[in-house]
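Naming follows writing order (A, B, C and D), and every chain is counted from residue 1.
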């Protein structure tokens, strides 16, 4: 109870026509907190199970035979898994990088349009996000096979087994659904910037495109990062669209040999393996590593940021 | 951003270094974990040919990979009906047996010959043409389908041995509380239903389709899946499921690896192979896309060697197609290595070369039939 | 802004037109023609409504009752997508609101924590969920008891699976919308005599509607047309339209598959139209 | 005024954020029908004080008394207080009418009956019923009508009649400000809190609003608690000004007394421009600064005590050199319209002067000061 200084009576909610729920408040708060944590736990439930599987000494998915870390180093031993991981990262990183860089410029271009036009293009921009994966994947495959045939018709000299399908189609397909996420996340930040910002920069003698890199991009950094994160997330977990559009990397090497690499990404590979055989728990181990690594990086980032912020306040004082 | 590009570059270089290969390559389109690493090493060492394997999970994927010609595969290992389809569509090259001398040293098991004969017969019935499939294909592994069951359910084993297919399909009469799983391949479901009816599983008519639908509905399947079936029976979450015998052996070997005995595993879950049953045979064939014919023939020849075939079988768990390879496996019965002796024992139990039975390989049905069967199976699922 | 910048969008405009319209046209073409494989043979193409008739006339009989299994699959899709959307709206809104109340400043962190599970493979995640919904599972083998009732294969399992997979798509747009609401508005309504409860319904909720619509569509569409999660968690016993389409494509029954895909496209188109009424530029999409 | 009962009392009110006293032991009484302004630079705790009165912020210590009752634990919605927010906080999803009606529309039945007078409402309902039974629906109808007319009245008061159906983003900043005002006034609050409501308006509009606000306050008889950092605004409108700095109240008084008799250097400097010159209190009515003795009035200090002398720039008289008490050299001169601003150097002290005549730079001028224009403050030890 607060220290009293005067002897005025205490005002109550009742006399102002409201019911007093303050007694329920702590209970309410506890319930809400519990529910919130249960929900977050729910989102991570499958991740936790995957982590447990990765520590299982047996390959059985339903019986925990004992704690073991053997599957972690084993990731490196499994060539197919490593190939799939490499393909996944190559595709996702390239797609994310291109989508982030070009997508930012595209967003700037769309932002420069008048409102009505921009809204029309944004509508189209949302189609790849909202379209069903299976429709996107299948229809892109149709178009790519058409391009494939076409290219083969035009360039008759191509090796018989030449195919557009492979990293090229996979990256193109991934770009198809990652661009919109970048554009979508950059656009609101562009709207938040001062419309005179660019004019000010150019007024100071900066060339138009330099003004973008020096002035605009730093101002919309947060949007670009969010777009990049989402693009990467969508890309790394994509299954259906990749399923229809994957193939092999097939390069003629200088010594006359061919370099072939299966470019099925992890999802497609898992789907293929799962239908036929047991997955080795190394896949779980990899999944767990990825989650833990990201979480740790995130916490580290936040902690370093907190420190910096504190330092800044002190300087201000 | 610079860091990102750097990271990509490093990844690219790293993967290039990891998977860079020199010398001729054999591009093999195969099922997952269907080729013993030791065999690959032996082959690569002997011939200096690098094997690049691509894994696909269904015959249909094999087919589409060949048809779409996205990669030029030198050797594919499709199953029986897909071989029929591929031959029919002229996707396969004839084998040059002069490059496969080992073929003369081995004898195919009786069952394998039956299967090839049956394939020829179905093709004849359908197209009026007589095709000798051994011209295009050399058997890789073969296997039966069976009913994998949860042996912790009292009386199930005895009932299966006594009444066979009925226990699995007639859910109202036998073990109404038991959970049943079916392979999630429409044609497999259709074929098993026909076998239960005493029909040839490769026949097709509207009446048969309707009867099959009734049978499948009455089985009240609680699960339609692929790989999950065997794992669920193993864990005791499912009581009966249609499965490859090889799938059972696969789980069996894993449990043996974990230190359990054959009897213990069989007491948990076992497989019953009905008669008649469906069989499959996976075959080495050379698709028209092949660029390295020499390597493909060498590989086929290499695998026909009984020792190599037995070695390959060690990690796979399906039946070897030649009597010579079978004998090599059986010779391990008295091995001191308990794993090898169990393996030999399992082969003797589940793949005995003297086993008599009627085996039906499944043929490739015309796409309109497949469409109808798929729709029928979807209707069964929807109505459950 | 400089009109020069407008030129930056031109490549993207071409890209969007080519890769949005052409593929959809191709699907429509296959749906209403006699083309059968991915290899076009445009010389002897002809228009055909046969697939549509197949679709409409499809009849299956169970216990004397006739039904169209495509229609049932569509109905299933609607039902599961609606339930998932409603439930994830309730919980997702709640969670987004709690995060907003918690005053965590860094949106990047929230974004990452919510979407991090998506970095693990969807099939693995669904299998993991299915695993622990079974009677004998890995957690049971450790703890000796089950944390979830064993309802693998039931519609509950499917809904829980869909919910846990797609709820982030509800949380993020709602959070974005909530974050954009000026705190002063809530204070103003309290100041004008509204209790916090009433203030929420009169101010916060209407203003977050944009995010709710976006989130609902982001949850509804993938659940409506998806197939992996329902397939795994229902043990293959519950068919959504996505499962039917997947089967058709797998077995190369392209015409009917495309026709069904076209019908799904109509649903998606409708959703996009709804979305544009509330959120013209999709600002609250992910 | 002292005999009146205060409407709001703040007793030892303290608020701490991050170990920093944002509001530090504030004691303040606000009386009915008073226009009180909290004045200070940003970060001085004036807004926090206002928010504690409104109920958005809980004090860490001390009491907030409204109408003779302790209100610390009551949420904002239960307080007979309304606020006009700095950036108006209008509801973007509602039009002008619904914004203004928002408070009344969401009140309980009993509250509204009481607000419009139960007897009046039933009487009107009876009239409408035409002899039939008065149903609850009918009363509801009457109340709705009453709300409508109240809203229209309020909009008329802020001169926005006819804008009812406009969307919030369709009206100008000044109009938004008026809507915010109407939204608060329509509820007939006893106390209206205004948090820098004019800050976002341009100069002309701001000056107009200052007069209008003051008028309204006088006419409606509502107590206004006004927060601003603009001393001119405070001077124009307020009955009393509370000058704050670093969470502490520096001085409370009428605009005039604060201007003329700043209690310390800070207040003197914050309120208008002033010259603060160190001096010595010699004896009653005599003070010495800049080496010269000046007659002064009304201050009592210890004899010989050091004091700060405050002289407003307009209070200097420029006189002929021979009559001058001080002579200085003009170092800077700027024409400001009404007056000239001069900087005059006397020794090493620079004084700021406002004169009506202009003087050249370099020119020597004589200065004298009337005794009543000389203000003195205690010297602050800390500074």
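The rule is simple: contacts are C-beta pairs under 8 Å (C-beta built on N, C-alpha and C of every residue); 3 or more make two chains touch, one makes a residue touch a chain.
Since this is a predicted model, take the numbers as computed values, not measurements.
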*What is the chain whose Cα centre is as far as it gets from that of subunit C?*
D
*asked:* With contacts counted as C-beta pairs, which pair of chains has the highest total?
replied: A-C
*Report, in whole Å, the distance between the mean C-alpha point of subunit A and the mean C-alpha point of subunit D.*
52
_Can you work out the whole-Å distance between the CA centroids of subunit C and subunit D?_
55
*subunit B and subunit D, separation of their C-alpha mean positions in angstrom*: 88
*Indicate the whole-number Å distance between the mean C-alpha point of subunit A and the mean C-alpha point of subunit B.*
38
_Can you pull out the residues of subunit C that are in contact with at least two other chains?_
38-39, 127, 134, 136-137, 195
*Which residues does subunit D have that touch at least 2 chains other than itself?*
75, 77-78, 111
_Could you pull out the residues of subunit B that touch at least 2 other chains?_
58, 68, 235, 237
_Taking the top-of-page definition of touch, could you list the pairs of chains it picks out?_
A-B, A-C, A-D, B-C, C-D
_Sites on subunit B touched by subunit A in the complex_ = 1, 4-5, 7-8, 11-12, 14-16, 18-25, 27, 31-34, 52-58, 61, 68-72, 226-227, 231, 234-235, 237, 250, 254, 258, 289, 291
*Within their complex, state which residues of subunit B touch subunit C.*
58, 60, 64, 67-68, 181, 184, 186, 213, 217, 221-225, 228, 232, 235-237, 367, 370-371, 374-376, 378-379, 381-384
_subunit A to subunit C touching residues, read off their complex_ = 18, 32, 35-36, 39-40, 42-47, 49-50, 52-53, 56, 61-64, 102, 105-106, 108-113, 118-119, 121-136, 138-143, 145-146, 149, 176, 179, 181, 183-185, 187-188, 195, 198, 202, 208, 212, 222, 225-226, 229-230, 233-234, 236-237, 239-240, 266-267, 270-271, 274, 279, 283-284, 287, 290-291, 294-295, 298, 301-302, 305
_In the complex, subunit A residues that touch subunit D_ = 2-6, 8-13, 16-18, 22
*subunit A - residues contacting subunit B, complex*: 58-63, 65, 80, 82-83, 86, 89-90, 93-94, 96-97, 100-101, 145, 160-161, 163, 165-166, 247-248, 250, 255, 257-262, 264, 269, 271-278
